[in-house]
């Protein structure tokens, strides 16, 4: 196989796929940070919950994973609203770090509940394998990857429209930019907080379903993704949904491309360190550009 | 009779772990309770201490760096220094970050450390870890061996408590708490905020390194699973929040309560029958998460409220009533 | 309040004082401070007035190292101190207070003051652990200083309360108390009078004046209470929209129409009438 | 701290009192502990192993019990972690007063539990899962036995098997834990020594969503066969699926960790037809594993054929036999009885033969347990020699060839 094709098929495409998944998760993380001013450590486990909701739907009705998405989105949003109501809202007046600590515990509670209800085994949406389709005789892409990337793009465009053209979206951006200012102009913070949970939860659910579709569903899957997602959110600048989209793609690509044999025959970085790539980028970003790649504004 | 020896043994083991966790909780209290640093990478510094002490005390082996054969009295301080050094390097680059950024950065650094311990086989034994670590007093007969080690752990925990408490009541403790309460005012008061934060971070991490070293020698083994954030980082945080953030006594009490609950709850859950026996551990995890939520919402001060900063050993009845004092111009 | 006896010894220390030249600072598109220049002469009490949003507090933050200026130069006794960190400036004898009180909320009032003095050996953790005698000796000095300052401010009764439990006016006093504890030669006071009761305010003015005349402490004061400014200040600098509008003696300022225009019917107008 | 002691003491005392009052009723039972990582990274695997251990104990109880008493299997979660593992072992040995322990699972918990708790207390541990070569030379005071061969043996077997089939060029990837690393090291040495070429050799992290990049790098070496040391319902499955999907590798050589039903279900047996060869530690004598399949082939107690379930069953059986042989719950006697019941000579007993074994022991005859996963002849370190078989997938079924004993 030609070297370029190997590069595209085995490094670039998987990088874009996992990048899309990271981006969907990171958008929720970054929106929540913008509106509620805290880092939601349970976001990865919200993703896991979404994947299990879809699993239940697929198991019950035998749906295609894409058709199970709306069900997963609704259920996950409801879950997020409940968590917000019972656990985060009572702490809202306390320093935001208390919320962060709380979310650490919520993450554990979600994971334990899933393990309790569904057990610890890995689950699958689809059995068997899908042979990849040849496009133009060169690209070999699996159908579900096309689905994943397209759905991710559609959702991101929808989010863009929401943020740009609806009153709710504008209000969200306003709160994210300056909570005090937004409160002065009479924007109802409570409604915005709820909307943020719904959007963040839904996108996390989609990310979880895609992750499970591409690999497998397992109780720790979301937690393991929390750090790459945080890295993506920080890369794009916390509080900036567009930054998170780009950040997700960059992290996804960086992870895959780090093991490409750029120089000679060996992988650039031992795959044992693959998970470290995201953390390293993240720590480096925090030190040199804490406002993200596109962050000109000083906080 | 045997059962009482057994309960004795179990109590000793429980107390040993409580001692080790108290040292970690005290370290976290210095970082979070006093200095206000959000460290979620406890496991990383714990593991640095554990591996450092393990490498320094084991004899020559082809499986990892070794052959230093140092006695523990030297290895433990060196393990603390190793953890402190790593913490210093981390703090130098991360200490200016806002609190939640610091949290994410420390998680990331903890993970990077874990990957290094796991992958650098020549140094750490890789995934197999380091076994056959010596434990002080292990040659004593019967129950005396664990009892003597418990004594060592408790003495070290008391020393750690003494150091933490003396630090808290000293002018240093006053400054770091001032920085925690209001950073700009501390800057305006001429305090080099970065320096004090780095000191708090390094001292706290040295405590964690000591706890790591003690654990490695207690288990006679250290492996990359030792850096599991759930068992180390999360549990220690729950201990501090439950015990009372900002209070050294609270940190120790939290360690005792949470570890006892964590350990003893299984004695009941393992009696559940059938499928529930598998699931009981998850109920346990869920409950730990729930306890944290309840404490945060309803008992924000923990079991033992934050101790007031008390300037140590000064006359509480001031000399202000003496006539000459009012004639002294305040030191402007 | 008992009479305060000021030691007679100290004259104004030599030096030219604080000099600000061409300082500018922008936030995004907003030019908060625009090419400001003025001097605070050694031994003077300089007032800094101007309507809300004129950039006075921002300028204080730049001078004391909390913000970094975009351009310009600050000298203290002819030494360039531009962009030095707050703690460096503190050790060169330059301190500030905050407009909104910044107390150490969980420390007691006494401890709030005891934090401030420099050269406390106990601030090194190693010394704190190993040399308790040394630490204690200095602690007793600091304790007495703090006690005396609290007595002066009338805060003895609340000295063991956490500072976070105080009223707004009391916090303001704690703020001032910390500046007093610093022993600095140049003090920037950001609205020391706001929220303080009139009796205490008069004593405060008296105190500032005596410290200035008898010990030579230099002051730069942001204040909206024009009576206080008039009675205290030798020189007044007026800022408006980020730049220095005019400066001079209060009698000249009062005649300046631009100043009146800048305030547009705010408290200054009433003060002048 | 001063204040915390009364509370600590009270709470501990309260817990202990409750345990004593609870456990006194069950005193008459024979108590066997199970150290299992029911939570943590290997929870899915361990759940099945624990279920198989429980199945063995249930079988023993229905066939009359140990020493005429009912046996109870008391589980303690180790979370694959030293701290929790040692704590769990302490509870089993000291509070639950178990006669012997089946377990642990991850080597990272087995090693500290054996050297720290079971060793000093002289309690027998029979591990069904821990394959780390570290265990062989561990200072465990002779209490730790295992019914799985050290990774060293299986790696060597795999190397010889591939070479004997004329496969002389492979790519190697292994999961980054002690299981994968251990197998890979032994395999690499033996394969290279035997004249094979390893074109592409890389470790991978468990539970990532994509391994395509690693696979592409490995395929770059030009090998046709991928040697894959991983767990079959985790990274092993993902790697196999992704390499089949992208057409990078079509043939796989795997170890026992991949012989799980999840692999067949997840990828589909038709996709594996003729593509996979594997090694599995197995019984030298065929009838024992046939009997095991007959007993548990269609059980709902655990998933038959799941990795290490047969070993879990055997570990529980050997532990029970040792107690029966010792004639009491005296720990020292149990420890001394292990080799008597498991090693030759003696009359062979296997799965389902509990009543017969008890009769033989009562009659004073020597027995030799030969189990579902091997005949388990313990050497001086408590290790078993490797006896392996080759397995592959034919017409939708796992087919295991006759076993080969691996001489040292």
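So that you can tell them apart, the chains are marked A, B, C and D in the order they are listed, and the count of residues begins at 1 in each.
What we mean here is this: a residue touches a chain if its C-beta (ideal position, glycine included) is under 8 Å from a C-beta of that chain, and two chains touch if they have at least 3 such contacts.
Quantities reported herein were computed from a predicted structural model and do not represent experimental measurements.
Connectivity note: excluding subunit B, the chains that remain group by touching as A, D | C. Legend note: the chain whose CA centroid lies nearest the centroid of all displayed protein CA atoms is B. Centroids built from CA atoms put subunit D at 37 Å from subunit A. If you average the Cα atoms of subunit A and of subunit B, the two centres end up 32 Å apart.
Between the CA-based centres of subunit A and subunit C the separation comes to 49 Å, rounded to the whole angstrom. One simple way to say how far apart two chains are is to compare their mean CA positions; for subunit B and subunit C this gives 41 Å. Multi-chain contact residues, meaning those touching two or more other chains, occur in subunit A at positions 115, 270, 272, 275. Multi-chain contact residues of subunit D (touching two or more other chains) are listed as 39, 47, 176, 203. Taken residue by residue, subunit B touches two or more other chains at 118-119, 230, 282, 285, whereas all remaining positions touch fewer. Contact between chains, using the touch rule, shows up for A-B, A-D, B-C, B-D.
Here subunit D touches subunit B in the complex through residues 1-4, 7-8, 11-12, 15-16, 18-20, 22, 38-40, 47, 50, 74-77, 79-84, 86-88, 90-91, 93-97, 106-109, 111-112, 115-117, 120-121, 132-134, 137-139, 176-178, 180-182, 203, going by the rule given at the top. Against subunit A, the residues of subunit B that register as touching in their complex are 38, 40, 93-94, 97-101, 103-105, 107-109, 111-112, 115, 118-119, 230, 234, 237-238, 241, 279, 282-283, 285-286, 288-290, 292-293, 296-297, 300.
Looking at the complex, you find that subunit D touches subunit A at residues 39, 41, 43-44, 47, 176, 202-205, 207-210, 212-217, 219-221, 233-234, 237-238, 241, 244-248, 262, 265-268, 271. Residues 38-39, 87, 90-91, 94, 96-98, 100-102, 104-109, 111-113, 115-116, 227, 230-231, 234, 270, 272-273, 275-276, 279-280, 282-283, 286-287, 290 of subunit A touch subunit B in their complex.
By the touch criterion given at the top, residues 2-7, 64-66, 85-87, 90-91, 95-98, 102-108, 110-112, 114-118, 120-125, 128-129, 132, 135-136, 138-140, 142-145, 147-152, 156, 159, 162, 164, 177-178, 180-184, 187, 211, 215, 217 of subunit C touch subunit B in their complex.
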